[in-house]
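Two complexes come next, and they have one chain in common, subunit A, joined by subunit B in the first and subunit C in the second.
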Partner chain A sequence: MDVGVQQATLKKLVSSRLGSLAESVDEINGQAVAEVTAVNLRPALSTLKESPELKFDYLSFVSAVDLYPRSPRFDAIYNLYSTQRHHWLRLKVPVAEEETLPTVSDLYATANWHEREVWDLFGITFDRHPDLRRIVTSDHWFGHPLRKDYPVEGRGAWPLGANVLQNIAEEGMADQADIASSEMGPARHITLNMGPQHPATHGVLRLALELDGENIVDCIPHIGYLHTGIEKLSEHHNWTQNVTHYGRMDYLSPMNNELAYCLAVERLIPDLEIPKRAQYIRVLMSELTRIISHLVWLGTHALDIGAMSVFMYCFAEREKILDLYEMVGGERMMTAYIRIGGCAADVPEGFEEAVQGWARDFQHNLDINHNLLTKNPIWKERTVGIGVLGREESINAGISGPLARAAGVDWDLRRDNPYSSYEEFDFDIPVETAGDVYSRYLVRMEEMVQAHRIVLQALEKIRETEPGTHVSRNYKYVPPRREDIDASIEGLIHHFKYWTEGIPVPTGEAYGFIEASKGELGFYLVSDGSARPVRVKVRGPSFSNLSALPRMVQGHLIADVVAIIGSIDIVLGEVDR
Partner chain B sequence: MSLSSTPEPSRKPSAAPTGRPVSLTGVFTASLNKLVAWMQANSIWPLTAGLACCAIEMMATSASRFDIARFGSEVFRASPRQADLMIVSGRLSWKMAPILRELYDQMPFPKWVISMGACASSGGLFRTYAIVHGVDHVVPVDIYVPGCPPRPEALLDALIKLQKRIKSGSYVPAYARPPWKQWLEAPDR
Partner chain C sequence: MLARILIIFVVLLTAMAYTTYVERRFLAWFQWRMGPNRVGWLGLVQPIADGVKLLFKQELIPRMADRFLYLLAPALSFIAAFAIVSVIPVTRHFYIADVNIALLLVLALSALGTYGVILAGWSSGSKYPFLGSLRSCAQMISYELALALTCIGVVLLAGSFSLQAITTQQARMWYVIPQVVGFLVFMAAAVAETNRSPFDLPEAENELVGGYHTEYSSMKFALFFLAEYVAIINMSMLAAVLFFGGWQGPLLFGSGLAGLSGLFWFVLKTFVIIFAFIWLRATLPRFRYDQLMKFGWLVLFPLALLNVLVTAWIKVFV
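Up next is the complex of A and B:
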């Protein structure tokens, strides 16, 4: 069905189902948005979740926007998706500063962490929330950083200078005391602290594990040790500059992040057409990115379980793709290659041969790892039946990507809501049903094979397009080419305006999403027509995926925690942002 | 050189680092200081303390292509008690700062710190409320590596520079220089 028609029917359906529960149902930039009041929020969500035609079973994120000085000050945002019908809906709930919202964490388990984040960053309270603590900032933080009156460089709650060390020593001590007091279970249980500096937590994740002997009774993840304030910083840089932040967020798949952001901005700008060549290059690069991300996952996951050589093979293979990265973007990791309107440059000469050269050996190199692991009894002993998460449970927990597909959720945004011309490509989506660590492994291994297929197809398609059309020629939104600056006064004006004022993104809001290597990666943007965004919300897949960790590890042995963390494939830069 | 003219293996003067006298009977004579420095420099064990993106490049440095083992530093230790070198690879948040300092305090002397990347050196791209604008507010840094992320070659270069300093025997680590010296010697520590 045509997307426009689909949206119109969806809008009608939503307004008829919600009836008087919704204040309004609109379509903004091709996406359905319903406004509800705080009182009607829970009934509205239950209706949307239960209704057989709508089936909004998946809550992608909960967030907020500070619209100071508007009254009521905040908009709370609930982004919903249906994994069966494949449509989106955003709920908007205006909240005043002194008002509270009801928690929805009993309807959608994933809301638990998202609501904590909103409380932490905006100071909106959620009634009856089971565990409303700060999540990304430290427990002793002062203020709510994403409020507009909070300065981007902080309030100096941590004075720099002579007493920094004193401060952090006290903070460290308070932290230790917290672990000891609050998380102790019954007397015969012991609490074990794991991380944030631990080789198997894949970054700075900290887990407080409650153990009965070697069995895990409970697990409380503590995140935020890499909280960077990227969302806040994005409000202070202009639309173009912002591209550079996001590669540094999920640093295992930089180009995926850039693509998701650019797609979101492009959704805000209706008159910006992306040439086919640019779309194919984006597909090619994001599939290569998927492969490097999966390679790092495989290498470190195997290393955690004890297979050292896999790590070496994977990194050797990754280096080859980084060479391709370097060819197109000039840098090994943070290329900022995908830009608003297209790509930063055309693919260089010799790129096609280089990709083909890599592609020739890739299957063989992947098979080396297959031979080492897939039938290896030790590997299977450590992974089969470990960390099981069922289908319904994982949808409810907001899990996406390979993790969901390993649990039998047949859902991939590349196929179900195609972007960047993915509908023209031919690929399979591996789905397993066991939902354990081993099936996640199988899914990702197959995804690499499929990504390799897509890369070859994209190469074909790029060849058929005209060189030099790697970026739009709409000079309102992209920097003009040198020839055009020299040839016409308009070109010069565009050039001047682009670099001094930034691009005029129209007022509005949009959610751009992609199927990243770890799952649904989305950017929710709000623009007021100025050169800088009002709000950038990053919906990182790792954040939601990680929040289900306690359910996965319960009842397992402590050694299994390592395998389970590895199988989630988290990257803390994206969890904490 | 023909085979017959090769001296007996036990008698052969071993290829010694320059400046170290070697006798033909196989006995080393060296100043103890220099010998210790030479050994230290060639077996710097780094701490596994990856923070952010730069940590991925640090991993790449230790993996196949760049092979940090050539410089005797492949033994990444998860326990600070066994590590000599802290590579602060990535941005340091205020929430993480006390832990990083604790790790540093747990490392045995002598110890060195490499601040890898723009974020670790100055906060880099991220001048925000959450990030420490330079890890030298928290730990004494010996070498700063520029880049975002620095290439593995740059990290190796830093390692080699550190080795040179250690080998020279006269290098005073950052913790023993002001302003950190005072902190180290403070009576309430």
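Up next is the complex of A and C:
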């Protein structure tokens, strides 16, 4: 079905199902948006979730926009998706500064962390939330940083006086005492603090574990140690500059982040056409990115379980792809290669041969790891049946990507909501049903093989397109080429406007998403027509995936915790943003 | 006698240092990288540089530690590991002591070494080492038994506990042939005994940070490190003595290679077994603590027991 027709029927369906629960149902930039009041929020969500034609079973994120000085001040955003019908819907709930919202964390488990984040960054309170604490900033932070009246440079020095440190220490003790006295008394259980400096937490993640012997009784993750305020910064840089922020988020798959952001911006600009060549280059690079991200996952995951050679083999292989990265982007990690309107440059001479050279040996190099692990009895004992998360549970927990596919959710945005011409490519989507660490391993291993297939196809397609068409020629949004600046006054004017004012992105809002290596990576953008975004919400897959960790580790041993963390494949840069 | 002790002590220390070097080089080759090759010719001075570095590191004793046990633990590990060498016959004439209960002594001392690990974890007053030492207790109980039982198989064949006697008994046939099951169980138990991958649970870096030695620094850490590598060498020497005829050359070339000294054969055999230790480390993932116990009790222990029974039956009736 044509996407436009699909959207129209979806809009009709949503407004008929919601009836008077919704104030309005619109289509903004090709995406359905319904506005509801705070009172109707929970009934509306239940209706959307239960209705058999809509089946919005997956909550992608909860966020908010500060529209100061509008009254009511905030818009709370609930982004919904149906993993069966594959359609999107955004709920918008206007909230005044003194108003509260009902929690939806009982309807969607994933809302728990997302609502905490909204409270932390915007100060919107959620009634009956089970655990409304700050999540990305420190417990001792004051103010809510994403409000418009909170200065981007902060509010002076962080008051880390002796009392604050003392408080932190005391609270830590109290935490321990709480956990220890909760069930069987302090004599029986020990509290173990894992991280933020620990070899297997993959960054600055802290887990407070309650242990009975080595069995996990309870697990409380603490995040935010790497919170850099990327969303706040994005509101203070122009649309073009912002690209550079996102490579630093999930630093193991930089081009994925850039692509998701650019797709979101391009959705905001209806008259910006992306040439085919640019789309194919984007597909090629994002599949290479998937492979490097999965290679780092495999290496570190295997290292956590004690297979140290795999780590080295994976990094050696990753190095070759980083060389390809360097060829196109000039950098190994923070490439900023994918730009609004296309790519920063055409692929260089010799690139095709280089990719083919890499592709020739890839399967063989992957098989080395297969031989070491896939049938290894120790590896299987360590991974089969560990960290199981069922199908329904994982959808409810907002889990996407390989983790969801390992639990039997047959959903891949590349196939179900194709972007960047993915519909022209031929690839399979591996799905397993067990939902344990081993099936996550199998899914990712197969994904690398499929990504390799897509890379070769993309290479074919790039060859068929005309060189030099790697970026749009719409100079309102794209820097003009040198010869156009020299030849025409329009070119010169565009050049001047582009670099002095930035690009005039039309007023509106859009959600751009991709199937990143770790799951659904999306950017929700709000524009007021100026050169800078009003709001950039990053929906990182790691954040939602990590929030299900306590459920996965329940009843396992410490050794399994590291296996499970490895299998989630988190990057703290993206979790904390 | 004193001269012999001194020679063995110095040689063993050097051997231990170079075992770390060899391990790092081999691991590097397994993993497509270079390994230490900068300090001295081919990186040969690297172990000495490491030793000097460890000597000059800052000493730290945690506030919550039990000072006496905390200081005793590394010494205990180290002494137990080194004492084992005293009964191992390097050649027909070169050894420190040939006692008639040598094998018992070896088992006793290697069990004593585990106390070092347990005490280290307990006295550090910290949670990760504590968990590491708990694991070590569990591991010791599960493996020591299987290890001792495989030794019994050899003792039954040789009719003596003296390692020198066991060696000379193998003039015609190495015990690895009649005792092949015993040998495999012995090797598995030896890897567990020395806390090596895939049984390196007490110090599992990725789970317990450093395990029992997390809170140790400087020379005290180095002593644990020394003890671990000396234990590897000990177990390899013991395997060479018990199953491969110690200093005796292979029967096949018996007379032809008589010129080669017993020392050559002994070192060669030991080295091959050390290499097997390294190879395992490069290949296998780590067991989980409960799986390891299960493996010890349900696989290794019954196998070792069966091996003893069959050996005894053969010895008596055949």
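One rule holds for everything that comes next: the second predicted complex is superposed on the first by the 547 of 577 C-alpha atoms of A that agree within 3 Å, B and C clash if a C-alpha of one lies under 4 Å from a C-alpha of the other, contacts with A are read in each partner's own complex, and residues count from 1 in each chain.
Note that in this section a contact is a pair of C-beta atoms (placed from the backbone, for glycine too) under 8 Å apart; a residue touches a chain by one contact, two chains touch by 3 or more.
Note that the coordinates shown come from a computational prediction; the quantities given were computed from them, not determined experimentally.
Undergrad: Contact-wise, after the overlay, does A:G573 reach subunit B, subunit C, both or neither (first, second, both, neither)?
TA: first
Undergrad: Between subunit B (first) and subunit C (second), which does A:N376 come into contact with in this model arrangement: first, second, both, or neither?
TA: Only subunit C is touched by A:N376; subunit B is not.
Undergrad: Quick check for you: in the superposed arrangement, does A:P467 touch first (subunit B), second (subunit C), both or neither?
TA: After superposing on A, A:P467 lies clear of both subunit B and subunit C.
Undergrad: Looking at the overlay, what does A:P43 touch: subunit B (first), subunit C (second), both, or neither?
TA: neither
Undergrad: With the two structures laid over each other on chain A, which partner does A:M308 touch: subunit B (first), subunit C (second), both, or neither?
TA: After superposing on A, A:M308 lies in contact with subunit C but is clear of subunit B.
Undergrad: Quick one: classify A:G350 as touching subunit B (first), subunit C (second), both or neither.
TA: A:G350 sits against neither subunit B nor subunit C.
Undergrad: A:V562 in the overlay: touching subunit B, subunit C, both, or neither? Say first, second, both or neither.
TA: Touch partner of A:V562: subunit C, not subunit B.
Undergrad: In the superposed arrangement, does A:G203 touch subunit B (first), subunit C (second), both or neither?
TA: Only subunit B; A:G203 stays clear of subunit C.
Undergrad: Of subunit B and subunit C, which one touches more of subunit A's residues?
TA: Partner with more touched residues of subunit A: B.
Undergrad: Touch check for A:P130: first (subunit B), second (subunit C), both, or neither?
TA: neither
Undergrad: Please write out, lowest number first, the residues of subunit A touched by both subunit B and subunit C across the two complexes.
TA: 198-199, 311-313, 316.
Undergrad: Subunit A touches which residues of subunit B in the complex?
TA: 48-53, 55-57, 59-60, 63-65, 76, 78, 90-91, 93-99, 101-103, 125-131, 133, 137-138, 148-149, 151, 183
Undergrad: Quick check: in the complex, which residue numbers of subunit A touch subunit B?
TA: Contacts found on subunit A: 137-138, 145, 150-155, 158, 160, 164-165, 168-169, 171-172, 175, 196-199, 203-204, 224-230, 232-233, 244-245, 248, 251-252, 296, 299-300, 311-313, 315-316, 318-319, 322, 332-334, 572-573, 576.
Undergrad: Quick check: in the complex, which residue numbers of subunit A touch subunit C?
TA: Residues in contact with subunit C: 190, 192-193, 198-200, 213-214, 302-309, 311-313, 316, 372-373, 376, 378-379, 381-382, 557-562.
Undergrad: So in the complex, which bits of subunit C are touching subunit A?
TA: 27, 30-33, 127-128, 131, 134-135, 197-198, 200-201, 204-209, 281-291
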